[in-house]
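One structure follows; several queries about it will come next.
Chain IDs A, B, C, D, E and F follow the sequence of writing; residue 1 opens each chain.
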Amino acid sequence: MIKKTLVLIAIVGLLMVFWPLMSNFEFSQNLSELASNYVRGSVNELNTQNVVTSVIVTYRGLDTLGEVTVLFLATVGIGFLLGKRKGKKRPASELLQTTSSFLFALIVLFGVYIFTHGHLTPGGGFQGGVVIATAFLLLMLSDVNMKFNHTILQIVESFSGAFYIVIGIVGLVLTIGFLSAEIIPLGEFGKLISAGAIPIIYSFIGLKVGSELTNIIDTMRGE
Amino acid sequence: MKKLKHSILLFLIMMIFWILFTSTDIQELIIGVITSLIIVSMMNKLQPVLGDVKLNPKSIIYSIIYIFVFLKELIKSNVDVALRVINPKLPINPGIVKVKTKLKSPLGRAILANSITLTPGTLTVEMKEEYFYIHWIDVTSENIEGATKSIVSNFEKYLEVIFG
Amino acid sequence: MISVIMIVVLGVIMIVAGIIALHLKNLLAAIITAGTISLLASVIYLILGSPDVAMTEASIGSGLTTIIFLYALNKVQKEDKND
Amino acid sequence: MANIIYNIAGMISLVAIVLTFIRMILGPTVADRAVALDGMTIIAISLIVFIAYSFNRIIYLDVAIVYALISFVGIVAIARYLERGI
Amino acid sequence: MIFTLILGFVLLLIGIYGMLSQRNLIKIIIGFSIADTGIHIIIVSIGYLRNRTAPILNSAVDISKAVQQVVDPIPSALVLTAIVIGLAVTALMLSFVVELYKKRKSLSIDDYQELKW
Amino acid sequence: MELTGAIITLIGSLFLFLGALGIFRMPDVYNRMQAGTKATTLGTILFLFGISIGHLECGCFGKISILILFVIFTNPVSSNALARASHYVGIKLTDKTVKDDLKKDNIENKGEKI
């Protein structure tokens, strides 16, 4: 009982900290200077339709590199922690097996669509990678004996990670900075092949995230 | 042979989907062809479900007719469910019955099960070899023959021509 | 106007779902109810004009997080059965 | 005129979400809650398409497709967990 | 928008309450994910500007006046990063729970008191 | 044309509402699933179709038809998986139930747990 009261007191204290922040908050009417620069630069310098993509991939590219590193470390940690275990599983229904072997192709195709069109439509490497991992998850759910080749997954993951870094360093050598998009001609605004290196970088991120998440799910599933 | 047919059909379906996603721009088409080829070659371990489809004029006509039969049954089933839900007495008489099917190909059986689920008052619960177990919201005939006649045979005669 | 109505209704549902999820005894039911919060949050992001975040939340928050919870719960309860 | 009818349709689907959520709160078993979640995601897809219409951005439709795919896999995962096949 | 700001704070408080008051390890992680969602909603709603649209400059937006028509892209980018990292953290926490369960056969936090002070 | 689309959308949303009402009112899991699957499928199809023919100029017909195809393919599969799982777990059917062949066959075969 005394614990509950202590927790409630803590919550009320937090509320009193947050309340002045919330009641005095003023919503701005215009974009800040930095955001307006990003929006203008996305049109004029990078030829990218989706401003969020240009912020993530180029203007704030180092943050994204850190994020990919965190994801990689989490994969390694989970692989160390969880071992393998056995148990009896019930096979999936025939309808699910038939449908999943057909839907798998369409889901992977949609994932590729998302990360190659990251500069034109919402979405990008992370979302596309998650969709591809979901397709593999569907296969795992429909077939209890499905085994994945971890070597191929790790090869895909490390090669796409390495190429991501290499493109960043090429940008450092050839043009103004790390992960710059202007190492390739920028192309026409609104077409698929435009925005310089952004689609290529996002495709590598998508492949890396997809193989990493497949690895995480497969490790958590056990054998 | 079956596998080759499956690969070609899957490639065509994926290209149609890619064009619907994007447009008929030449850059998009090139990327789509490359992606579809990679995915099709990656999938050779899975079972070739599309290999059973027959490609002659009769089966194509039957599949077009099948779509209209299916849409008619879908609308009928919705009106049926809607009337049951609105009725304050909730007139249901449910049960799980067993029906028999003659179809052999996996895709044909899957489409039959999906069609049964979307038509009036029936829901596929389990598929075991030649028997389907179906939850029926208003059981009118309790033996296998009667249930088969009123649930399955309407679709089966079309699907038998399409999938063989 | 219509977006304000939507945000109020969906927000009330999300708050109730959060309270219910913490009070349910059955862990699987709690996970399903907590998944509802992420599912509706992505609609709210869409109304706030950030479709990228909505897509990420729909795919990661409601899909993969739920599934990872399910796998962990499966391991924990399978150990139970073996004893 | 057409605009008003579209808005009424959106409001009706909002009411439908509330109904499925009440079933999720009440539902005596876990399977009931899963059925309610299934219905809720299908209705939410319609709601997303409605938002795309009313803000006049067809580009939001990609979000609806991702939503449909992921929720399907999620429901299948819950079902497979229930029957101990995960 | 003020409503989503309030919604985010309420979800944050519910999540913190759950983390502090629950005794079950998995319930604590559920509380963490609720608080996570609340914080994301707060950050996104700070970047919202009234009567503006998403920062994707296709034919629906006048490109020469884009600065006056789109919402702030920076909070979106931040939250996108945060969601992915949240998934990694949740997976790591759950694998710790599974390992702890293997040692002690218990999910209650009262059984793990070696480091209590 | 726009008015036609609006009316189709309204009918679709009514079906969605009836499906939700069915999920709310029906007595057991299987009957809830019946209402939830059928009515919401047709409701979603009509809702999306109405919006796309109300706005032919936006060029969204392709994506909406993909969405409709996905819904038709995936919705019955997830219902089937849920129904099979709930029968395996042993959730009881409602008292009005007439017969249960699957349970009878499982007892006769003794291959599977009920």
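In the analysis below, a contact is a pair of C-beta atoms (placed from the backbone, for glycine too) under 8 Å apart; a residue touches a chain by one contact, two chains touch by 3 or more.
In this text the structure is predicted, and so the values were computed from the model without any measurement.
Asker: From chain A, what is the lowest number of touch steps before chain D is reached?
Answerer: 1
Asker: Give me the fewest steps it takes to get from chain E to chain F if each step has to go to a chain it touches.
Answerer: Each step joins two touching chains, and the minimum needed here is 2.
Asker: Spell out the chains that contact chain B while also contacting chain D.
Answerer: A, F
Asker: Would you say C-D or A-F is joined by more C-beta pairs in contact?
Answerer: Result: the pair with more contacts is C-D.
Asker: Using C-alpha centroids, which chain lies at the maximum separation from chain C?
Answerer: B
Asker: As a quick test, compute the distance in whole Å between the mean CA positions of chain C and chain F.
Answerer: Chain centroid spacing, chain C to chain F, equals 21 Å.
Asker: Could you tell me the distance, in whole angstrom, between the mean C-alpha positions of chain D and chain F?
Answerer: A distance of 11 Å separates the two centres.
Asker: Can you give the whole-Å distance between the Cα centres of chain B and chain E?
Answerer: 40
Asker: Considering chain C alone, which of its residues make contact with at least two other chains?
Answerer: 49-52, 54-56, 59-60, 63-64, 67-68, 71-73, 75
Asker: Chain B: which residues touch two or more other chains?
Answerer: 17, 21, 113-114, 124, 126
Asker: So which stretches of chain D touch two or more other chains?
Answerer: In chain D, 10, 17, 34, 55, 57, 59-60, 62-63, 65-66, 69-70, 73, 76-78, 80, 83, 86 touch at least two other chains.
Asker: If you go through all the chains, which pairs of them touch?
Answerer: Applying the touch criterion to every chain pair yields A-B, A-C, A-D, A-E, A-F, B-F, C-D, C-E, D-E, D-F.
Asker: Would you mind writing out the residues of chain E in touch with chain D in their complex?
Answerer: 53-54, 56, 58, 60
Asker: Show which residues of chain F lie in contact with chain D when the two form their complex.
Answerer: 2-3, 5-7, 9-10, 12-14, 16-17, 19-21, 23-24, 29, 32-33, 36, 40-41, 43-44, 47-48, 50-51, 54-55, 58-60, 63-64, 66-67, 70-71, 74-75, 77-79, 81-82, 84-86, 88-89, 91
Asker: So in the complex, which bits of chain C are touching chain E?
Answerer: Residues 4, 7-8, 11, 14-15, 18-19, 21-22, 27, 30-31, 34, 37-38, 41, 44-45, 48-53, 56-57, 60-61, 64-65, 68-69, 71-73, 75-76, 79, 83.
Asker: Mind pulling up the chain A residues that touch chain F in the complex?
Answerer: Contact set of chain A toward chain F: 90, 92-93, 95-96, 99, 103.
Asker: Considering the complex alone, what residue numbers of chain D touch chain F?
Answerer: Interface residues on chain D, with respect to chain F: 1-3, 5-6, 8-10, 12-13, 15-17, 19-20, 22-23, 29, 31-32, 34-36, 38-39, 42-43, 45-46, 49-50, 53, 58, 61-62, 64-65, 68-69, 72, 75-76, 78-80, 82-83.
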